[in-house]
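What follows is a set of notes on a single structure, which appears directly below.
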Amino acid sequence: MKRNVAIVGGGQTYHAARRHDVNQVEMVNEAVRRALDDAEMTIDEMDAVLLGNMEFFEGTHMTDCWMVDGSGVYGRSGLKITTGGTVGATIVCAGAHHVASGLFDRVLCIGFEKQEEGDTGAILSGVAHPLYGRSMAGAAVGYFAMMGTSYMATWGATEEHSAMVAVKARQNARKNEYAHLKLDISVQDVLNSRMLAYPIRILDMCPASNGACAMILADEKTARDRSKKPVWIRAMDTAHNEQFELDWRDVTTKRKIFSRVCAERIYKKLGVKDPAEYFDVFEIYEPATWSELVWYEDLGLCRPGEGFRLVEEGKTGIDGSIPVNPSGGVLSTNCIGASAMLRVWEAALQIRGDAGGHQVPRDVRRALSTAYGGTNWTVMIALSADRDD
Amino acid sequence: MGSDVHEEELISIPITVDVPYRFAAGKYLGKFLVELRDNGTFYGIRCPVCKRVQMPPRIVCAQCHVKNTEWVKLGNEGTLVGFTIMYIPLTDPTTGKPHDPPFTYGSVKLDGSDSVLDHLVNIEPDVSKIWVGMRMRVVLRPKGERIGDLSDILYFEPLEGQVQPE
Amino acid sequence: MSERVAIVGVAQTRFSAKRADVNYAELAYEVIEKVLSDTGLEIERDIDNSISCSHDIWDGQTISNIGITDVIGGHLRNEEKMAMDGSTAVYYGAIGILSSEFNCTLLMAHTKMSQTNRNIVNNDAFDPIYTRILGFDYTSAAALQAKRYMDRYGITGEQTAKVVVKSRANAAKNPYAQVKESITVEGVLKSPIIAAPLREMDIAPDSDGAVAVILASEKRAREITDTPVWIRGLGTCYDAHYLGDRDLAECMALRKAAERAYAMAGIGDPPKGIDLIELGDEFSYQELLWLEGLGICREGEGGKLIDSGVTALEGALPVNPSGGVLSGVPANVMGLRSAAEAALQIMGKAGEHQIPDARTAVVQGHSGFCGQHHCVIVLARD
Amino acid sequence: MAEETNYEIFEVDQHITAHSRYFAGKMGSLFYRTLRDEKKIMGVNCKKCNKVFWPPRSTCGRCFSQLAESDMVEIGPQGTLETFTLITYSEPVHPRTAPFIYGIIKLDGADTGMAHIIDEVDFDDLSIGMRMEPVFEEERKGTILDIRHFKPVS
């Protein structure tokens, strides 16, 4: 990037299945005000406001235009980008591009979803090609179920292992004041929960949440002058996957997989040899338990087929050697358009030491966030307390 | 913290968004759907560079950024590469009709294709009765009832006489 | 701007009322294939970023850039969807290159308006709590704006009809234009009222089509082409959402977006230094109102401008030499098409509708009803 | 490879049908309760801008001040016609059958207008600046159509 970019503030709403007390504009505004307060800045200092959500999820065309009062973009520069579930991270990348370009010094980035207001079934089945598969859309749960059967058959993991991921997420969420599903559950509770699509049970899946996240990115001078704890964006990378060939669920595939390709590229940019050692914390986008195990392997935190050992040995717990999703992750909070931005913001909070109850008990200097959406798309963002390292 | 409890009534506005479309299948998918409807035949298309046979047929090989060129007639039999038992109903959004659970749902690679096709599998919903590698055939609706949609496929069914490997 | 970004190639489909023969991916690939072959560029080797431009509700697919991932070169690579007018894709694509993250970006906008109903689609852009169930769409909202604007400044139906006449005359010279039949002021005024004061001919027709544009950093641009078109200025701005919040006879957001773009480009006293304008005239009155917002004339003088003939193809400041949106360009594609046409003018490749020695062009695009969001881009040969 | 067959143009009609429900928020709820129960119209006063906005909102879009239910004030019910149009086409999303009239009415005491339907008047008799008043529905449900339409003040 031409100019260094720092995260100088952020904020999120509390996340819940029901937010009948606010409309979408007001919910977005909650996150925006928290971000401005956190950065000790005013809306008038924002040179641009960028917004993203899962387009048309709530049945509204051009949400950016409706959100104007809440986002604070009235009279200001701005735009809307949509990339599905990855959009929150895409917006952060867009914000970084804005700042790095030299044309903007302070940029407000917003991601949100008020899932309860939309028609989840209608909109998610609309992801399938209208003339090839929409009439048979198996929904995300069927996809991740096949990933689970493939993983178990190939690597010898059991349903207990995915349940351990489910427990870790919800127990971490209990330490996060903003999280949605704060459940005091055990492996047995997960295994006893309702089966949706073998081997996926309801506690193996992310919830439908309402919520918003906002972040403020700034150039180096602003960061130095105004922020006590700037967090630097060190590298970003995006990999989308083609429309029809969705091999991620087949753990034996020999094809190039979006997640591995993207990780390889971002590690190369940073000179990362051993990601588990290089990064102090990971915030990853795991819509289902099995995908968290596959992420471990694709990110190179362990060898292929050993992901389930990491969770079994507690290595990815808050106090483990490779903490993954101390926030509770997407399994605990999924407000789609905000979910990917929450990964970045939670990673930044860890580096600042401001994560509160779910702060990782170690010196956190570097963090990696991932996003997930579309037909196997990801955006990865690497953060650091140090501008150059 | 907010809460769901409010003294005053909170108002909401229900709106049904209903948008009509006339989708064009285009040159590639159009041929596939017509062949499925009229002849019960599946077609893939081969990339001239990587030779991957893609189904549904599409204009460009995403991997090689070239136009796909060679039409390939695929088999009506294939191999199961993934499966699940669905315990939640699946609603066809184009008709509103649900498939009632539990049912078996599988991913099959038709002979000659490098792509997979997800559909219902006509096996009782029991994970001990189905395995990856199982040979399957496509069962179609009768010709007059086919409309050129994946719903022209009733389900996959296993070929007779298969024994589950140890 | 200290560093520079250039448009190095453009391609457009012939715009037409209905393209039933292709799906939107195939439509998109027509222009992607053409712009790559025209510039001699290859996706894997040369393009390091792509931005598509459309809307889920127009495409009838959730996360509709799934449908063009394959053709735009998005597989295992970077692709983002600008859910706004295509002009904003140019704006954001240029920012990406200025950030040094990318060197060469493929922009593509596509929409098949024929596959759905624009009024139902656009009704969903109105806030659902206070406005949507009243049934508004972009045409009825535009009619409220047109009435307010024309009433305040005494703009006449003859003057807005002249915009349509000019559009058709210019379109007749553009091989890509959809509606080329010539028409008279009387002909426009005889067309039926759709939403008073807007008549059928005052409203852009439904259109199917796509446009692709390639942006490159200065270094790459010099390698790729002898006729780079430099992006000299960029600006965007949002206005208020609710119709009643805005003074519909003015366009604050366009004024601010233009100020931002002009300041960057060093245009101190428009129209001085501007050779042509391509703008988003979804409705005839918009050309006049947007020209006021762009600072080409004073408030309320848009009518005099069209009367004077200045904005005609042979005038001193041609506006929409391409025929503009009134001659048929799809929603979402509009602004990218305007940028492509302005670039062709500066390259000297516009053909029959070429403006002699066009050196500097202003491109305007908007999103939302009555132009809630505006984007202004200044393009130049030098 | 078989010789090229010319395949028919293959098109399929579908709908995307989504049932959404939009929450009005606390201030929006107060607006709708007041409209439904008392036939009164409320806006919100931003003291910093010294402006009264309709519809009510919890953030002033102009100055970003936080506004609350306590800032809400009654406006109208009469107001002034700012602009209007005659709609001659019909769509399923329309609440009326064409021809019908839309207008923007700036209610007394408000600084912003309300877009709504206008009726009980000939289009040709309307003019900008005309005084208008709302006609309320008998059975009100807590939507903007609890105001059936506006008509010229009699």
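Labels A, B, C and D are assigned to the chains in the order they are written; within every chain, residues are numbered from 1.
In the analysis below, a contact is a pair of C-beta atoms (placed from the backbone, for glycine too) under 8 Å apart; a residue touches a chain by one contact, two chains touch by 3 or more.
Remember, predicted model here, so these are calculated numbers, not experimental data.
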Exercise for review: Mind listing the chains that sit against chain B and also against chain D?
Suggested key: A, C
Point to revise | Inter-centroid spacing, chain C versus chain A (mean Cα positions, whole Å) | key: 34
Check your understanding: Taking each chain's centre as the mean of its CA atoms, how far is chain B from chain C in angstrom?
Key -> 39
Exercise for review: Averaged over CA atoms, how far is the centre of chain A from the centre of chain B? Could you give it in whole Å?
Suggested key: 29
Review point. For chain A and chain D, what's the span in angstrom between their mean Cα positions?
Key: 37
Check your understanding: Counting only residues that touch at least 2 other chains, which ones in chain A make the list?
Key -> 19-23, 59-60, 68-69, 74, 119, 122-123, 126, 129-131, 134, 242-243
**Study point:** Junction residues of chain C - those touching two or more other chains
**Key:** 20-21, 57, 60, 69-70, 74-75, 117, 120-121, 124, 128-129, 132-133, 240-241
Check your understanding: Listing for chain D: what residues touch at least two other chains?
Key -> 9-12, 14, 16-24, 26, 28, 61, 92, 143
Exercise for review: If you connect every pair of chains that touch, what shape comes out? Choose line, ring, star, complete or other.
Suggested key: complete
**Study point:** Parts of chain B lying in touch with chain D, wherever the complex brings them together
**Key:** 6, 8-25, 27, 29-31, 33-34, 70-71, 93-94, 148-149
**Study point:** Residues of chain C defined as touching chain A within the complex
**Key:** 1-3, 55-57, 60-67, 69-70, 74-84, 88, 91-92, 95-96, 98-101, 121-122, 124-125, 127-129, 234-241, 252-253, 256-257, 260, 264, 367-368, 372-373
Study note, to complete from the structure: Note: in the complex, chain D contacts chain A through residues 10, 12, 14, 16-26, 28, 57-62, 64, 66
Review point. Chain D touches which residues of chain C in the complex?
Key: 20-21, 57, 60, 117, 119-120, 123, 128-137, 140, 143-148, 151, 192-198, 240-245, 248
Point to revise | Complex contacts: residues of chain D adjacent to chain B | key: 1-2, 5, 7-24, 26, 28-30, 32-33, 92, 142-143
